[in-house]
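What follows is chain A paired twice: with chain B in the first complex and chain C in the second.
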Partner chain A sequence: MAKVRAERVTKVFKTLKALDNVSVTIDHGLFFCLLGPSGSGKTTLMRIISGLETPTSGSIFFDDEDVTGLSPSERNIAMVFQFPSIYPSLNIYDNIALAIRREVNSKQEERERVQWAASLLRIEEHLKKRYHEIDFGILQRVSIAKAIVRKAQVYIFDEPLSNLDTKLRESLRSEFQHIHREVGGTFIYVTHDQLEAMAIADKIGILRDGRLQQVGTPDEIYYHPLNKFVAYFIGSPTINFIDTKLKLVEDKPYAFVGNTYLQLDEKFKRALQSRMGKLENLQLGIRPHDISISTTPVADSIPCNVNYIESLGTSLLVELVSGPAAFKCLCDATLNIKEGMQVYAVFDKEHIHIIDPETEEVII
Partner chain B sequence: MTKVEIRGLRKSYGAVEALKGLDLVVESGALVALLGPTGAGKTTTLKCIAGVEKPDSGDILFNGESILGIPAWRRNVAMFFQTYALYPHLSVYHNIAYPLREQKMSKDEIDRVVKSVAKKLRISHLLDRKEPSTLSGGEMQRVALARTLVRNPLVFLLDEPISNLDAKLREEMRTEFKRLHRELKQTIIYATPDYLEAFAVAEKVAVIKDGVILQYDTPINLLKRPKNRFVATFIGSPTINLLRGVVRRGARGWEFSTSGLRLELVSVGGAFSKIYDGLEVELAVRPHDIILGEQQNGNTFKAKVLAAERLGHETIITLSLGEVELKTVSKGMRLYKYGDEVSISIPGDRVILFDVSNGEAIH
Partner chain C sequence: MTSQPDTGSRILKIFPIILIFPAVALVVFLVIFPLIWALGLSFYSYNVLRGEPPIFVGVENYYRLLNSLDVWRRFVLTGQFVFYSVSIEFLLGFGLAHLFYNQFRGRRLAITLVTTPLLVAPVAVGIFHRYLFDATFGIYSYIAQLLTGQSVRILSQHPMFAIVFMDVWQWSPFMMLFILAGLEAIPKHMLESSEIDRLSPLAKFRYIVWPTIKPLVALALLFRTMDAFRTFDTIFTLTGGGPGTATEVLSIQIYRTAFQFFRTGEATALAFIFLVIILLLTNIYLRLARRE
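== the complex of A and B ==
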C-alpha cells in the first residue's frame, strides 16, 4: 500500500476549471473519502490519482515516487465503479480469480485468496454462478471482491453504492469498515452522499467547484467545519443559518436571534473581541438536532411559533419562526405540538457556530 | 379538487401481471405517496390514471365518475417524470408558457399565470434565462414543475420526481413539495421508492408491492404497526432487525427463543390471541428501539461491536450476539470500536412478531 499525495493539481477541460490547485496527502492504509456535490471535481481528482486522466498541471506521488505520467496498471491501482464490471462468460469464481492471475504462483494460492475475498464480501454461495443468475447487489459485491482480492497500491471506489437500492446500500455500507480493516490498504472512495462518507471514512476531503474546502476526520468536519459550505453540506437535516448580530453586555457575549438576545458561552467572547467593529450582519449556525423544544417557558429560550411540521417517522422536523428568523429543529415524534402553536426553543450552546456570510468563514 | 378512486385495477404486459387488483382512494386535495420498490407497479398505476395505459379491468373514478372512457388528452391530469425534458431552445419563461400558448390563452393572461406560478416555486429570477441547460438540477426541476402547474390540472401525478437529484438537494426538494401542496391544495399522487421521501411529503402512504397495496396508513402506523414483514423491512432506516425463532410458554408468560437468545415478550393491549407454544415466528425489532446499556426489566444481552457508522446526528452500531447480528442506533456521534463489549436490552413490548408461513403480523 502507498501513501498518496496530490500536489497543486489543476485540471482544465476547455474553458472549465474542474480542479483548482488541489493539494492533499492520504496516508497509507487510510480510508479516505472524496466528498462533494456533482460537478465539484471529486471524480476528476479520483481519475487523476488513478491515472485515467492527466492533470493540466501538478503532480501525483505514490509514497515518494512521482507517478503522474504512469498508467493505472503501472500505478497498480484496483478500482470499483458505479456499475459492476463482470465478464458474463465466466462464473463468479473465475471472474475474481482473473483479477489475480498475474499475482498468484499456484492454484492453491489462487483458491485461498478468492475464498478469502468471497467470504469477506459474503458471496461464497454464489461463486459457481454466472452473471445472469445473480442480482445487481450481489454483482456489485463481486466487483468489490475483484478489486480487494488484488495486492494493489491503492484501492479506488467510484460511488460503488450509488446504484444500489437503499437497503443494499445500507448493508454494504456497514460492512465497508470491516472490509477495509481486513484488506489493510489505502482506500480512496468517491461519493456525493455525506452520510456514506461520515459512516465509513477515516478522513474526508470535501470539494466544491474544484477546490478543496476541508480535510479532516468525520468528527472534525462535523463539529468544526471551516466554512459555511462544509457546515451546510455535512449533516442531515441541514444546519440552520440564522441572521444574527453579537454584542457584549457586562462583559458577556450575546447573539440576537429572532426577537431575543441569547447568552453565549464564554468562548465566544474571545472570538468576538478579535472582531471588534464587525459584530453585525453575521450568521448563527446550529444543527436541527441541537435545538430542543419546550412547550412551557424555560430560562434562556427563544419564544417561537410552530410554522411547519415534517414527519420523518420516529422524529419530526419542525420549522420554528421567531420574528424574522426561521429555523428547523429535529425532535421526537412523541412531542405533542401542532402547527401554529407557541413553543420555546432551547439551543445547545456547545454546538453554536458564528459565521461571516461575506467570507463564508466559520469564525467559531 | 378531485377525489380519485381506484377500484380493482388490473393490468398485464404479456405474461407479467403489473397490477393485480389495486384499490386506492385518494381524498380530494390530499397528497398521497405511492411507496414501493422498483417493479411494484407504481408507474403503471400512474399511467393508468393519466390515460397513457389502458387497464385490463377495474375502474378509475374522479369525483365519483369513471374516467376510463375519456382519452388522455382530455383528462386534464398532469404527469411529472424523473427526467424533466425542458425545451432547450426556449427560455425559462417560454418553457413555462408553452402549454398555455397551446391552449390559445391571451398574452396578458399567460404572463400573469407564468409569473404567479414562478413566484410560488421561487424561480421568478430565472424567467429570463435563455438556456435551460445552464440551470442547476434543482432549478431545472422547478421549471419543469412550473410548466406542469400552469395547466391547473385536476390531479397531479409525480413519478419519482426527485430521484435524479443529489442527496442534499433531494432533502430540500421534498420540503418544497409539501409546502407547494399546502398552497395549491390539489390532489397529488407521489410515487417514490424512498420511504423517507414518502413520509416527508405525504400524510398517508400506500405501500405497493407486486401490483397490490399492502398497507395504506399514516407514517407512524407504518413504522409501529406494519401489517406484514415486507412493510416492516421496506420502511425504516436502518432496516428493522429480524430474528427467526420459536414462541414458547415460559414461567412469566410468552417467550421468544432463537439460537442462544431468549426474550420475554410483553403484549401491547391484551394477550397474544393467535400464538401458541411452538409457533415458528420471525421477531422484528427496530434499531431505534434497542437500548444500549442494561435495563431493569430484563431482556438484557451481552454483545460485541462489529461496526459503528457515525452519521453525525446518530451512530448506527452493528452488533454480534453469538450467531445473531443486530443493529441499534444511538443519538449523536458515539465512539465504538470493533470488538468492544456492550450490553443491550430489547424491550419486550417493542417487538413485532410475524408468522413464518405467510409473513403476516401476529397481534
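== the complex of A and C ==
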C-alpha cells in the first residue's frame, strides 16, 4: 500500500476545466472519501490517480515516486467502477482469480485468496455461477471482491453503491469499514452522498466544480466547515443561512436575527475585529440540530412563529419565522406545538457560524 | 336496425385482409407459385427450345446429378471458392476493423473509401477486374510480373485466385463493418477495467473483445457464406466460368444447363439441390449462433 499524493492537478477537457489545481495527500492505510456533487470532477480525479487519464498539468505520487507517466497496470491499482465489470464468459470464481493471476504462485494460494475475498463480501455461494445468473447487487459485490483480492498500492471505489437500491446500499456501506480493516490498504472511496461519506470515512475531501474545498475528518468538516458550500453540502437536514449583521455593544458581540439582537460568544469578538468594521450583510449559519424550541419565553431567545411542521418520525422539522428571517429547527416529536403558534428559538452558540456571503468564506 | 353494428364489425374484420391481399397475392404468384412449379418441373425431362411436352421421369434428374462426377467437382470448386473467399474476407475485415477502431485523422473518409466496393454493381466489378487482370494491359498482371519476374496470365493460369481476389476486394469491407460494429459495442469501462486488472492483450481479447463481437462475427459469416455460395454475376462477367470449367461454380453450371444446353428439367433439379444446401448451411449457422 502506498501514500497517494496529487500535486496541483489540473485537467481540461476542450474548454471545460474538470479539475482545477487539486492538491491532496492521502496517507497510507487511510480510508479516504472524495465527496462532491455529480459533475464536480470526482471520477476525473480517480481516473488520473489510476492512470486511465493523464492530467493536463500536475503530478501524481505514490510514496514519493512520481507515477504520472505510468500506465494503470504499472501503477498496480485496484479499482471498482460505477458499473460492475465482470467478464461474462467466466464464472465468478474465475473472474476474481483472473485479477490475481499475476500475483499468485500456486493454485492453492489462488484458491485461498479468492475464498478469502468471497467470504469477506459474502458471495461464496455464487462462486460457481455465471454473470447472467446473479443480480446486480451481487455483481457489484463481485466487482468489489475482484478489487480487494489484489495486493494493490491503492484501492479506488468510484461510486460503487450509487446504482444499487437503498437497502442493498445500506447493507454494503456498513460492511465497508470492516472490509477496509481486513484488507488494510489505502482506500479512496468516491461518493456524492454525504451521509455515506460521514459514515465510513477516516478523512473526507470535498470537491466542487473541480476545486478541492476542504480536507478533514468527518467531525472537522461537520463542525468547522471552511466555506458556505461545505457547510451547506454536509449535514442533513441542511444548515440554515440567516441574513444578519453584527455589532459590538459595550465590547460584547451581538448578531441581529429576525428582529432581535442575539448575544454571541466572546470568541466572535476577535474575528469581528479583524473585519475592520465591515459588519453588515453577513450570514449566520446554524444547523437545525442546534436550535431548540421553548414554548415559554427564556433568556437569549428569539421570538418566532411556527410556519409549518414536517414530521420525520421521531422528530419534527419545524420552520420558524421571525421578522424577515426563516429557519428550520429539528426538535423532539413529543413537543406540543402547532402551526401559527408563538414560540421561542434558542440557538446553541457553540455551533453558530458567521459567513461572508460575498466570498462564501466561513469567518468563524 | 339490429344488423347495423354487426355489418360494421364484419367490415372491420375483413378490412385488414383486404389491405394485405395485394402483398400476399404478389408473393404467392411471383415467389411461391413459381417455386412449386419449378419443383414439379425438376421431375420431368423438358427442353424449352424443343417445345415438346415434358416427360415425367421421377427422380431421374436428381439421381443422375448426384451420381455425376462433374457435379461433385463443381461442388468442391464452389466450396473452395466459398472457403477461401470467406476466410480471407474475415481475416482482412478483422484487421481493418481493428485499424479503424482507433481514432485518427481522416478516419471517416478512410472508412467511406474502404467501403465503396460494396456499392459497386457486381457486373461492373466483374468487368473492371477483367481489365485489371488483363494479361497485356492489366495493372495486376504488371504487379505480378514485378513480383515474380515473369509474365503471368492470371486469368488463365490462376483463375481461382482471380475470382477469390475479386470477391475479397468487394466483400471484405462488409466483414469489417460488422466486426467494427461489434468492437464499438464493447463497453469502455470493461476495457479500462481489464487494464486495471492487468490482463494480457490476449486475455483482453479472449474475455472482453471476443464475447462481444462473436454474435456479429457469426452473422457476418452466415451472410457471406450464403452469398458467396450463390455468387454468379461477378464470376460470370470475369471468367464466364472458364478457362474450361476451372471457375464454373454451381450457379454458373445451373445457368449453363438451363440457358446454353436448355436442359430445363435438369437445371431446376440442380437448383433445388443448391437451395437445400443453402438451407442446411443456414440452419447449422443459426443453431451454432443460438447455442452461444
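FYI, the second predicted complex is superposed on the first by the 363 of 364 C-alpha atoms of A that agree within 3 Å, B and C clash if a C-alpha of one lies under 4 Å from a C-alpha of the other, contacts with A are read in each partner's own complex, and residues count from 1 in each chain.
To be clear about the criterion, contacts are C-beta pairs under 8 Å (C-beta built on N, C-alpha and C of every residue); 3 or more make two chains touch, one makes a residue touch a chain.
Because the structure is predicted, anything quoted here is derived from the model rather than measured.
Trainee: Superpose on chain A as described above, then tell me if chain B and chain C fit or clash.
Mentor: Aligned on chain A, chain B and chain C fit with no clash.
Trainee: Identify the partner contact of A:79: answer first if only chain B is touched, second if only chain C is, both if each is, neither if none is.
Mentor: In the superposition, A:79 contacts chain C only.
Trainee: Of the two partner chains, chain B (first) and chain C (second), which one does A:38 touch, if any: first, second, both, or neither?
Mentor: first
Trainee: After superposition on the shared chain, which partner residues are touched by A:102: those of chain B (first), chain C (second), both, or neither?
Mentor: In the superposition, A:102 touches chain C alone.
Trainee: When the two structures are overlaid on chain A, which partner does A:192 contact: first (chain B), second (chain C), both, or neither?
Mentor: It touches chain B, and chain C stays clear.
Trainee: Which of the two partners, first being chain B and second being chain C, lies in contact with A:112: first, second, both, or neither?
Mentor: Neither: A:112 stays clear of chain B and chain C.
Trainee: For A:71 in the superposed arrangement: first (chain B), second (chain C), both or neither?
Mentor: In the superposition, A:71 contacts chain C only.
Trainee: Looking at chain A, does chain C or chain B touch more of its residues?
Mentor: Comparing chain B with chain C, the partner touching more chain A residues is B.
Trainee: So, A:165: does it touch chain B (first), chain C (second), both, or neither?
Mentor: Only chain B is touched by A:165; chain C is not.
Trainee: When the two complexes are placed on top of each other via chain A, what is the minimal CA separation of chain B and chain C in Å?
Mentor: 19
Trainee: So which bits of chain A does chain B touch that chain C touches too?
Mentor: On chain A, the chain B and chain C contacts do not overlap at all.
Trainee: How about chain A: which of its residues touch chain B in the complex?
Mentor: Of all residues in chain A, those touching chain B are 37-38, 165-167, 170-171, 173-175, 177-178, 181, 192-195, 198-200, 218-219, 222-223, 233-238, 287, 289, 308, 310-314, 317, 330, 333.
Trainee: Which chain B residues qualify as touching chain A in the complex?
Mentor: It is residues 37-38, 137, 166-169, 171-172, 175, 178-179, 193-196, 199-200, 219-220, 223, 233-239, 286, 288, 306-313, 316, 318, 327, 331, 333, 338 of chain B that touch chain A.
Trainee: In the complex of these two chains, what residues of chain A are touching chain C?
Mentor: Contacts found on chain A: 50, 52, 71-73, 76-79, 81-83, 85, 87-90, 98-99, 102, 146.
Trainee: What does chain C use to touch chain A in their complex?
Mentor: The touching residues are 187, 189-190, 192-199, 203, 206-208, 210-211.
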